[in-house]
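What follows are several structures.
Shared between the two complexes below is chain A, which pairs with chain B and chain C, respectively.
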Partner chain A sequence: MSPKNTGVYLCSGCGIGDAVSMGSLEKIATKEFKKSCKTNACLCGEEGLETIRADLAGGVNQVVIAACSPRAMTDRFRFNGTQVIRTNLREQVVWSHPANDEDTQMMAEDNIRIAITEAAKSTPPEPKVEGEYSQVVLVVGGGHSGLTAAREASKAGYEVLLVERASQLGGMAAKWSKRMPVRPPYQDPQPNTVATLVKAVEADSRITVKTGCTVAKTSGMPGRFTVEFSDGSSQTVGAFVVATGWRPYDARKLGHLGYGVSPDVVTNVEMEEMLAKGPVVRRSDGKAPGVVVFVQCAGSRDPNHLPYCSSVCCGVSIKQALQLREADPQVMVYIVYEELRTPGVAEEFYRTAQRSGVIFIKGTVKTVDAALTVTVDDAMLQQEIPLSGVDMVVLATGMVPNSTNVEAEAPEVEEEKLRPLKSDINPYAPFAVAGTGAPPLTPPEEKLPEGAPLLNLQYRQGPHLPMLAHGFPDSHYICFPYETRRSGIYVAGPVRRPMDMGEAAEDATGATMKAIQAIHNAAYGLALHPRAGDLSLPIIGLNQCTKCRRCTVECPFGAIDETDQGFPQVNSTRCRRCGTCMGACPVRTISFTNYTVDMLGSMIKAVNIPDETEEKPRILVLACENDAYPALDMMGIARHQFSAHIRIIPVRCLGSVSMLLISDALSVGYDGVMLMGCKPGDDYQCHFIKGSGIAKERMSKVGDTLKSMALEAERVTVAEVSIADSGRLPKVIQDFVEMLDTFGPNPFKGF
Partner chain B sequence: MTTMSPTPTRPYDLGFTRWVYQNIDGGDRMALCMQCGVCSGSCPLSTTMDNGPRKTFMMIRAGMKDAVLKSDTLWNCVSCYNCVVRCPRHVPVAYILHELATLAVREGYAPARTSETNKFVKGFTWSFETFGRTDERIISLFYYFQDGFVAGIKKLLAFKSIAFAFVKVGRLPLGLPHRIKNRGELKKMLAAAAAIEARHTAGRK
Partner chain C sequence: MAQLNRYFPKLCHPTCGLEINFQRIRRNPKVKVFTLASVAAVTGERGDYTVTVRQAPRYVKANCTACGDCARATEMKVQNQFDYNLGKVSAAYLPHEMAFPMRYVIAPQVLGTPEAERIKAACKYDAVDLDEKESTFDLHVGAIVWATGWQPYDAARISPYRYAYLKDVITNVEMERLAAPNGPTQGKIVRPSDGVAPKKVALIQCAGSRDYNHLEYCSRICCLASMKHAAYMREQSAEATVDIYYIDIRAHDKLEAFYRKVVNDPHVRLIKSKPAEIKIGPDGGPVVCGENTITREIYAEPYDLVVLATGMQPAGVEGVSGAPVDAYGFIVPEDETQGIFSAGVASGPLDVSMSVQSATAAALKAIQAIR
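What follows is the complex of A and B.
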């Protein structure tokens, strides 16, 4: 590679030139760093871009742009593969600080220093593409979600392999007599269309169907998963859509609601089968029921059974009640509910049932006895009422995700592997930060899920898909739908969260699109969400590696395996490029070509630290580029002012912040360090799942380092910042600055 | 002429509920009540009612005929129609309460006969049937003296100061009550209304 020739370009537009002295900024680049530097009044305009393009033709091969936020004008400042380093003069300097002020000028100058230092330490990454990549989408589960996913992938031109555990396609949805309305006017039950979908899949030449078959073993990475099946065959696939669906909650545990006590107490699934077969009759005497009571939330939203709402049971009961009333208008139907939840547009459906004479009772069913007396605690009348003369009781039971294969035996797990496995499976477990001693929280009982793993992943992190709350293998449901915390494996349908057929079809389509992205990106060495398109990969210096395994333990996506010798081995297309391994490595031998501990350390040290007598403290903010950095930008856009003593350096994820950076910053004289990142925990918003949690965990251990430097532990803090926090941030920063003032300056200044 | 409403034998018997849905004006919309409580929340008099409209509707669903027809909710409605205007499911709440009050009278439920509102309404009706106009003095006197002469005098004295204050500001006219012209026409109108009601009630199942 030819030697670096860096050109620095300053923009004086958008008020930058009016607020800071461009001449002094140019001098930083030309005098301090000996780089060529040009200023333009509108760098993103055609004239400005032409200047840069002309220099590129003249030999410049790396561009440093000091203008607006790196999040703005990304399409303008893109020069055909040339590395571009951006620094922020607009949102975070001139828009959020007083114009023509000494401190504002110093901040702008330091940002130039940081950017030029970054440019010096960074080289553009090369894409890692090796061998063949498969274009096949493997859909696990042949129910409504799986069938839809297969059809969608096929329509997009991809080969599909559809694997179904049962002997025929259709899944649970094939049993339904009718389905809830999915089209305007959303009023009446609709015919079940699963059979048509099965036919379409069977007729599709791009879809290969394997029934009576499960996945026995999965290894590899997106674009190159090697999958072995229970029938002994194996195949290479590009990505997974896991649509294994759900099973009804075990009603035998609901003895207090009469299940198993009387044959005329049935579940909603059994009722559905009765409706599909023909006229509904009582199991006990074969007579048509005259009075039917639906019990909502049977075992749902109950801490002793299913603690969550399955969202579809209310709609299903309305549908079944309408079907019963339609078959026999004389039948009396009661629906006893706690809250009638009709998500989507099912409100019209609810009205149809009310109009047809179904009686809705708001209350909780306490017991159902053998004589079918339903005792209702009526919330509206505030009294307990025994409902007698009932012929049939239908329990609206909830949905349990098939996140494991409960029909198969759970495999034996070696004792040694059990602990990390449990902590990765259990959402309530504290983050495993290797080498930091005892966990800070007492975790609830950790246990492996029942049944065999769905995909039996041959990953160092264990065979299961990691699960979030209540055993659903989901990631954050709003921020990252369909993600599973295992790259290239996406979940769709009721295995992800309880949902009806209409939602499941949408879900399957979404997950299929994600799978196609994974297949496509893998073949070009491009990263997946959230650093979509990134080419960099962690490089591990094996000659320094001590085999401590911290990187393999902490990797949020299970991207790093261990070789037989115990060395870490990165599976390139599984990696999301967050840098958590880099932050974890105690010998700092993990780095990216354009992101290293050394680079961040040099950027931190590039800032000019004034002498303590000048009373100009310096505070380092390491901001997560996904949430905190845009929130800081938005502060500027809203013209909120904040302290000019702050120096902001974006990081890929707080998980990539090495402890070394903190001690580096304090030893060169920063008065405090603030880490800004997303919310950790089981309702995390971290784009890399546990990066911010790990950072918090690491920083709780930083006290000892500070103590050895005779500094106050409060000088280092972690702030939770969401993207919507721009209004709150000025106060967060101000409070920290004021607290640091009470400590006085860092005594290490000037060393 | 009327069919009596069925009396339920057990809680949540739908017999009475369905009868109300089919025979009370606006009852068909009552099925759409989702128990949100906007009616009771909007009612200026709900604090004086034992149940309020929302609970009354739920009690009808639960087949609690006796409790519904004996309740004072039916009699404390002042017809402000806030509930009718605000009901998100367009249930004509106030109309239904009036109908239920009529039902309570017809089927002989005690509170109807002893209800203050019922006595007041009698005075009101007598006033406009006789004079073609409502006259506050006549309505008040009619209402005061229904429970006997002594009780009437007592009530009259209790309201003495208010009455004088009204006279002072010209809100209580002295002199003979006004009669409308052509009272014969009014009689015809009232007779026609009675005929319509009779036809209506006879049509009930």
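What follows is the complex of A and C.
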């Protein structure tokens, strides 16, 4: 690579030139750093851009732009692969500080120093692509979701390997007599199309099917996972769609509802099989039932059984009731429910049942006895009503996710490897109440589900897919439902959360899209979400590595394994480039070409620290670039003013902040350090899941370092900042500045 | 999504995920974005569609730097549509702090007034074009994903609830703006009539949804959104009480846990009833009237603030030739042989997570159609 030739470009537009002296800023670049520097009154305008393009043609190969926030004008300041370093003079300097003020000027000057230092220390990353990459999508599970995923991947031109534990394809849904409507007019039960889907998969030349087969072992990473199967075969695949589905909640645990007590108490799954065979008769005497009672939430929404709602059971009971009434209009059908849940357009389906004469009773079934007396705690009558003369009872049992293979034995797994598996909001923590703050977050104790791990991942962080509450495999389930802590592995269908067939088909199609993206990105060395397209990767200097294992333990994505000698080994395409490993490393031997501890340290030290007599404190803010940094920008956009004594450096994630940076900052005379990051903990809002939590944990130990420097522990703080906090931030900053004032200046100034 | 204050059940800010999506689009030269645009017509077939797009004038050119000089140049204010008209904004405005593209818009009302010239003169970059006209152009594409979203059902049409007459009867989307730190009250939930923080609040479910006279379907999200509003109230006031009037509480799948929180909160009461009407009380405030379906009691409860959980109505496809809509206006393509797909609430009443699933699936379908 040719030597760096850095051009510095300043914009004086949008009020910048009116508020600070451009001449002084230029001198920072030209005199202090000996860089060529040009100022334009509208750098993002055609003339400004032309200046930069002309210099690029003339040999400049790295561009530093000091103008608006790097979040603005991203498309304009893009020059065909040339590295562009940006610093913020607009939102975070002139829009949020008084014009023509000494402190504002100093802030702008320091931002120039920070940016030019970053440019000097940063090299654009080269894509890491090595060896062969597989384009095969491995679909685990041959039910409705898995079949859909296989077909959709094939239709997009990808080879598929589909493995199914049972001896035939179709899964649970193959047993269904009919299915709920998903198309207009959304009113009547529809034919079950799973058999057609099975045929389409079997006839598809791009899809290879293995039945009676499970995954025995998985190693590797997106683009080249090596998978061993229970039949002894093995194959390299690019990405996974895990669609292992669900199983019905064990009705034998519902003795109080008559299951096992009377043969005429059946589950909804058993009723489905009866309807498919037809005609429906009582098991006890083979007679057609005259009165049938459906018991909703049999096991679901019950803290003693399944605490969640299984979503589909209301619709399923309506469907079965309609089928029974259609087969014999004389049949009396009761549906006893607590809350009737037919969300969205399924309301039409509910109406069909009401029109057809199905009787809905709002209440809770307390018991069903051997004589099929159904005792209902009727919500409307507010008393217990025994329903007698019942011929058959159907229990709407719920869905349990197959997040493990319960048919296989659980292997011995070291406790340490199970630790990072669970992380979820505490679903039951009470609301925050004014004056009392957020309630403590102690997640409910939950055991890992029984059974063998689905993919048996040969990862340092253990063989299971990480799980949320109640054993559902994890996902960032609001904004980015497919994002998980295991790159390239996408879970879809009812194993992820209870859902009906229509939703599962869509979910499986979405997961397939993500699997294809993972395959594509792996082959080009591109990161997956949230730093999609990033080429940088952690490089570990093994000669300095002390094998402390912090990086392998703390990686939020389980991307780093350990070699037999105990050295860390990065699996490049599993890596999401957050830099948590870099922040973890006590000997600074993990770095990216464009993001290193040394680079951040140099940027911190590039700031001019006035000596203590000047009464100009300097406070370092390390801000999460996804949330805190935009919030700081929005402070400027709203023209909120904040202290000009702070110096802001964005970081990929607070997880990437090394403790060593904090001591660096304090030893050069910063009076305080504030880390701004996302809410950590079990109800995290960090897009790298654990990064901000790890940072908080690290910083809780910073007190010792400060003590050894004879400094107050409060000089370093972690502030929870969300992207919506621009209105609150000026006070957060001001409070910190005022507190630091009471300590007086950092005695290290000037050393 | 940008207008929402927080998501259930994590109570996190939607703009957090929005920032990531905006960053990805900004960095991706393969994505072309047209704003203020709507589809007028679609012709053609899978692999070869012509989409006629109508683009309304912004009166601000692409070289706008978002410096804000135009906004400061005029005294004229217009209704702030981003805040559902709960507040006012300068006639030259940035729709919100995270607007994408980050460019100002000039309200058409200002045209032809001296204010318009003042706005134009204030722009250092000559980015104001007061003569901009609506334009129509054709795009040639192989597949189409409709992701036209939703609009809140017009609460004024539910006449017994007197939304148009009672200032302190608001909708759930207005509640989002009141609670938002970047909203008209900087996040403080207050009664529109007098700006006082409410102490007794009613949330009315199925205001328009599950109703033959209005929206026949269930809008899916309103139960959980109201529970979120109960959480907002508790967070802002320890004394506040919240009554939720409902037909069925629809907290599907794992979201059941969010419902449990509400049930366990001593200040939140769930009342099974669809209120018959909202009367005007002696003090001019709202009085919610109806029959409690369980106790059979007739009630007439005065409240400081009533929030109508109005449903979601598909938006943006009315009158578009070539859009395959169902009886409700949701876009439901006949079959896959066409290259037309729908995603999110354009396809049916979905929550955020389901919308993302649906959109990801639609992207794959579209890719299949053009390969």
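The rule is short, and it goes like this: the second predicted complex is superposed on the first by the 688 of 751 C-alpha atoms of A that agree within 3 Å, B and C clash if a C-alpha of one lies under 4 Å from a C-alpha of the other, contacts with A are read in each partner's own complex, and residues count from 1 in each chain.
Just so it is clear, a contact is a pair of C-beta atoms (placed from the backbone, for glycine too) under 8 Å apart; a residue touches a chain by one contact, two chains touch by 3 or more.
Keep in mind the model is a prediction, meaning the values are calculated, not measured.
*Asks:* Clash or fit: what happens to chain B and chain C when chain A is overlaid?
*Replies:* clash
*Asks:* Which partner does A:720 contact after superposing on A: first (chain B), second (chain C), both, neither?
*Replies:* neither
*Asks:* Looking at the overlay, does A:380 come into contact with chain B only (first), chain C only (second), both, or neither?
*Replies:* A:380 contacts both chain B and chain C.
*Asks:* Name the contact category of A:664: first (chain B only), second (chain C only), both, or neither.
*Replies:* neither
*Asks:* Which partner reaches more residues of chain A, chain B or chain C?
*Replies:* Residues of chain A touched, chain B against chain C: more for C.
*Asks:* Touch test for A:301: chain B only (first), chain C only (second), both, or neither?
*Replies:* second
*Asks:* Is A:533 touching the first partner chain B, the second partner chain C, both, or neither of them?
*Replies:* second
*Asks:* If we overlay the two complexes on their shared chain A, which of chain B and chain C does A:388 touch? Say first, second, both or neither.
*Replies:* In the superposition, A:388 touches chain B alone.
*Asks:* Considering 147-155, 237-245 or 291-299, which region of chain C has C-alpha atoms that clash with chain B after the structures are aligned on chain A?
*Replies:* Only one listed stretch clashes with chain B, namely 291-299.
*Asks:* Touching chain B and also chain C: which chain A residues?
*Replies:* Correct list for chain A: 340, 362, 380.
*Asks:* Using the touch definition up top, name the residues of chain C that touch chain A in the complex.
*Replies:* 5, 7, 9-10, 12-17, 19-20, 23-24, 26-29, 63, 65-68, 94, 97-98, 102, 124-125, 180-182, 186-187, 210, 216-220, 230-231, 234-238, 248-258, 260-261, 264-265, 272, 293-295, 326-328, 330, 332, 348-350, 352-354, 356-361, 363-365, 367-368, 371
*Asks:* Chain C touches which residues of chain A in the complex?
*Replies:* Touch residues, chain A against chain C: 13-15, 42, 44-46, 68, 71-75, 78, 152, 155-157, 183-185, 301, 307-311, 339-348, 362, 379-380, 382, 425, 427-436, 468-470, 472, 477-482, 497-499, 503, 506-507, 509-514, 516, 529-530, 532-533, 626-627, 630, 634, 637-638, 678-679, 683, 685, 687, 722-728.
*Asks:* Mind listing the chain A positions that touch chain B in their complex?
*Replies:* Against chain B, chain A makes touches at 332, 334, 340, 350-351, 354-355, 357, 359-362, 378, 380-381, 385-389.
*Asks:* List the residues on chain B that touch chain A in their complex, please.
*Replies:* Checking each residue of chain B against chain A gives 10-14, 17-18, 21, 31-35, 54-55, 58-59, 61-62, 64, 89.
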